[in-house]
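Every chain is named by a letter (A, B, C, D and E) in the order it is written, and numbering of its residues begins at 1.
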Amino acid sequence: MNPAEVHPTAFIFVGLTIGGALLSVLLRNILHAVFGLGIALAGIAGLFLYLDSAFLAAMQVLIYVGGISVAMVFAVMMAHTLGRRELLVGRRLLAAIPALGLTFTLALVVLSSRFVGSTGVRPDEATVLRSIGKQLLTEFNVAFEALSVVLLLAIIGAIVVAKERKH
Amino acid sequence: MTATTRAKTNYLVTVLGGLFSLLAGMLITLRNLFRRPVTEQYPKSKPALSKNFRSAIALVRFEETQTHDCVACMQCVQICPSFCIAIEGDKPEGLKRKRATEFHVDYALCSVCGLCIDVCPTNTLKYSRVYDQVAYRRDAFVYDLLTEFRDAEVAYLEKARQEAAAKEAAKQAAAAARANKDTAPAAANASKELEND
Amino acid sequence: MFNQLFGNIWLVTLASGAVIMGFLTVNALFLVWLERKLSARFQRRLGPTEVGFAGTLQTLADAVKLLGKQLITPRNADKPLYHLAPVIVFMPVVVGVSLFPIDRQLMFVDLNVGLVLVFAFAGIGFIGIFMAGWGSNNKYALLGAMRAVAQNIAYEIPLILSALSVTLLARSMKLSAIVEAQSTLPYLLFQPLGAAIYLIGAVAETNRAPFDIPEAESELVAGFHSEYSGMRFAVFFLAEYSNMAIVSMVATTLFLGGYHGPWLPGYVWFFIKVYGLISLMMWFRWTFPRLRFDQLMSFAWTVLVPLSLANLMGTAVVLKVFRR
Amino acid sequence: MPTRAKAGAVSERQHSKLGDAPLPETYHLNMGPQHPSMHGVLRLVLHLDGERILDVDPVIGYAHRAHEKMAEHRNYLMFLPNTSRVDYLSGMIYNLAYCQAVEKMLEIEVPERAEYIRVICSELNRISSHLLWFGTFLLDIGGITPFLYAFDDREQILEILDRVTGSRLTYCYGRFGGLTEDVDTTFLDQTRAFVKRLRERLPEYHALVTGNVIFRGRCEGVGVIDQHVALAYGVTGPCLRAAGIAFDVRRAEPYGIYDRFEFDIPTEQSGDALARYKVRVAEIEQSLRIIEQAVAQIPDGPIMPDKPKKRFKPAAGELYFAVESARGQFGIYIVSDGSEIPFRIKLRTPSFSNLAAMPAVLPQTTIADTIAIVGSIDVVIPEIDR
Amino acid sequence: MGLQAFLATSLVLFALGLYAVIGRRHLIGILIGVELMLNAASLNFMAFGRFVVSDPTTAQIIVLFIIGLAAAEAAIALSIVLAIYRQRRSIDVTDLEQLKG
């Protein structure tokens, strides 16, 4: 198989991703939108598999699908508003213009660019995993530690902000 | 011991004690796993009914008469708190005592309190051994208690009538004897023979 | 790796999916029977005896009966969620089973990060549970769903942490490698605390007594699946029993040495261990009362999480000191 | 505070736009009349915030059968079978209580032997009621197996009583002045064997349940009915004794021959579900003690007076007679107008008062606690509805 | 299926995310848009890591960071949503004009 190509079955996941994203953007019921997001995220996890990283696919499912989506669903439930109202037409147009414009511009950029594919021997997944582990603790150590601090702060912040004040 | 270490030991004691209590419980269920099941497989093995088992009432069949002795006194009908007994009685031709001609019990209403059995003057009521009656219609629980006595009842009435007739005859004979002193011993003997039958 | 799998043998993959479905069905039928029999014997009863030898076909008969039942949809149900929920609950289970090394050569997919993927897919099931609870438009179902999600978030953490200490020992997240590393001694001996934490977490993950609060029948009627009937209900049932099998498979792989064992062939050992663990979980269920929701949560956060963290750190320190 | 007022205005506007019900934070949940752990057909309307209970409204009357009204339309004897159906779990005690009340009214002397049999049967019935409660309470909080063990033991009692009375549940064993059937030596042997058996089983129950950490966690500090609440609502029986008040009608106003037996009144101080559990289990042991003494002392003799009264007209007047049922003080208030038919019979049933205390203890607990509290109070709905 | 297809997918995803961020009035809807955009970026990184460079390690590490940051961001954002809801009983951005100034 041509290393520059992945198997066409990946289009199933592309469809899943785009479809889920469309649902999540267009559905009025916000809970349904969150489940749409879940589908899109699962689709992306599938694409990650095709891009030779089962690890990131697993992480994607674990954190995004199992974590973030569930947290969102929880927030929707606790905030009890399912957004029954239509989006305002003006607002929609306002949103569509930059979105379409951006798509168009970037599409031009992508189409006009030529990417040189790598020719070297691609390392297998186990090697990549090992080097991810190594590099996280060497080259990217500062960012890694910073991220852990950010996460810790996020947890504390979330608790502080969301804590019910006793009157 | 400082407060923190005590707190720590308490924590450990709670966790380990809890674990131990769980294991103790599991041991009990495990022991029961190897004991014999106590259930009775009902349709395959029928239960032995207790000697005083209470069920729908039935009429006693007396040895000497081979039939019941319901005289339709209506005491059970009156005392029944569930109003489930219906009796009709009549004086059979040639007899002075009343006999039941209809005896219906609606077991669906009965509360097996036993008051009817208590009040029965002739002790002709008892509990039956019915325990597994099922039906789709409520009237299936209306028992006609006299069905099994019909034949015996006819025979009994016939006999009773004869007895009554004989008694009557003896009485008349005795009366006649009183009138006619000469024939008295013979008539008295005749009436005695009849009574001994 | 995945490209090759899908590129060359994706029909085979579909076929193995069918095999797994078949296995899960038979497994659930067997487990329901086993549970009925075991519970009966724990309670000094006989359990099913009529259909088939010792009632073995009773669950099959029940499944057939369920097929004939009316499918009820509550009037104000959120229909898309309500109908999708059983599928979402069951789907990850199928994928999950494919990841385990049943024998040395018997494995559907062998991924480098198999362990992470198992937990990742376990997380999807809760979304299904949630959809069921929300979609049913029933307060009991919704309460059950809320409980299920909160519980599963809480218990996933100690579960993953205890599994991580095993990966420290095995130096791999590849399930086949973890099993191979236990060819002499199972990790249960090195990780007794981790195994205990995993077992407790696993019982909680599968929503089984004493952690069955999302479907606590004495409180919430039937929890999140109160409104499901017929085959839809059966799918939830199937997923529950399949989940039991999966967490037991994980435990077997991580702590009991997978297919390793003397005399008998590997797959026999694997299934002996799996069903042994499942029986243990059934033993729990038929012995203990149910925890209260807040006790359940505080047990996770104040006992299991600290213990599993300590276990993980202890393992790391010991490994650093004793293994070069 | 202007900011707050403004925020409030926003929320007002919000709701008028959404057309929602007022703040959907709290909601009502109908628990019962059809619910797996509502004993009988009790309905609790819970007002909830999440899983926290703000208020509760017990709704009763789904099993009303007008027993008291029925009493006004039949003579004294005909009311007998009704009594054991008021509280079907301790029917024997109720049945005999009614007999004793009428006996007291008519001043009938009950033979010694009958008195002893009454005590044995009442205490057996009390144990069977407590065993059933034990099982269902555990079932409510999720333990299924103890339920079946308790039923196994209870089955022994039912068999013993069935052999004598002919019924398993709704006994109609008492008559004015005595009983319907005499007991034989087999009955006494069976009773002795049962006492021995249950004494051996109780440690198993303690290991399986009382010590269990999950069980204790579910019960400790849950649903505290303290002395004040208990007295204010007229709570009696094990619920009252669990709050530390050693009140037992068998001791306070001894009836029958209860003054001849040695037994303790178990009490606990905390008044929570665990205390109620402990009191009941201790009561099982005390009942065993009473049975043991009664079986040892039972004399020979008749079980009915020579001339049992079947039709009678008590003098006009009124009478209150109370016994200790398995759930608390069961009182019978009879008003006679001098006719064959009672003018009024009022039954003071313990569960009614015990349930009345629920709204005082339920708020600020959770749904799971509700189940544990209702279970630990041990209500029998037909007894409440009568 | 090659690089271009992945880039196109990611582009569509990003545009949809942007549309949601601007067009949605629901706070959680906006959060959904942000997540979509972050994922579009992740997908891009992965695609370049797979097709263009010889060692995909760096790309994958960056994606890991994105996932981590997204988790932190979601936690904070959702807690803010709850806090706002508690105070104002609404999580509609047009109702939050008071935040201005």
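Please note the rule applied: contacts are C-beta pairs under 8 Å (C-beta built on N, C-alpha and C of every residue); 3 or more make two chains touch, one makes a residue touch a chain.
These figures come from a predicted structure and were not determined experimentally.
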Measuring centre to centre, with centres taken as mean CA positions, what chain is farthest from chain E?
B
Taking every chain's C-alpha mean, which one sits closest to the mean of all protein C-alpha atoms?
C
In terms of CA centroids, furthest away from chain C sits chain B
Counting C-beta pairs in contact, does B-C beat A-E or the other way around?
A-E
Distance-wise, how many Å sit between the C-alpha centres of chain A and chain C, to the nearest whole number?
27
How far is the middle of chain B from the middle of chain E, if each middle is the mean of its Cα atoms, in Å?
82
Taking each chain's centre as its mean C-alpha position, how far apart are chain A and chain D in Å?
60
From the mean C-alpha coordinate of chain C to that of chain E, what's the distance rounded to whole Å?
32
Two or more partner chains touched - positions in chain A
6-7, 50, 52, 55, 59, 67, 74, 80-81, 85
Pull out every residue in chain C that's touching 2 or more other chains.
42-45, 286-288
Two or more other chains touching the same residue: where does that happen in chain E?
90, 92
Which of the residues in chain D come into contact with chain B in the complex?
74, 77-82, 85, 145, 149, 152, 155, 159, 162-167, 170, 172, 175, 180-181, 204, 207-209, 211-214, 310
Within the complex, chain C is touched by chain B residues 15, 22, 25-26, 28-30, 32-33, 35-39, 41
Looking at the complex, which residues from chain A come into contact with chain E?
4-8, 10-11, 14, 17-18, 21-22, 24-25, 30, 33-34, 37, 40-41, 44, 47-48, 50-53, 55-56, 59-60, 63-64, 67-68, 71-72, 74-76, 78-81, 83, 85, 87-88, 91-92, 94-96, 98-100, 102-103, 106-107, 110-111, 115-123, 128, 131-132, 135-136, 140, 143, 147, 150-151, 153-155, 157-159, 161-162, 164
Chain E residues touching chain A in their complex are 1-9, 11-26, 28-29, 31-33, 35-36, 39, 42-43, 46-58, 60-61, 63-65, 67-76, 78-83, 85-86, 90-92
Using the touch definition up top, name the residues of chain A that touch chain C in the complex.
1, 6-7, 9, 29, 31-32, 35, 38, 42, 49-50, 52, 54-55, 57-59, 61-62, 65-67, 69-70, 73-74, 77, 124-126, 129
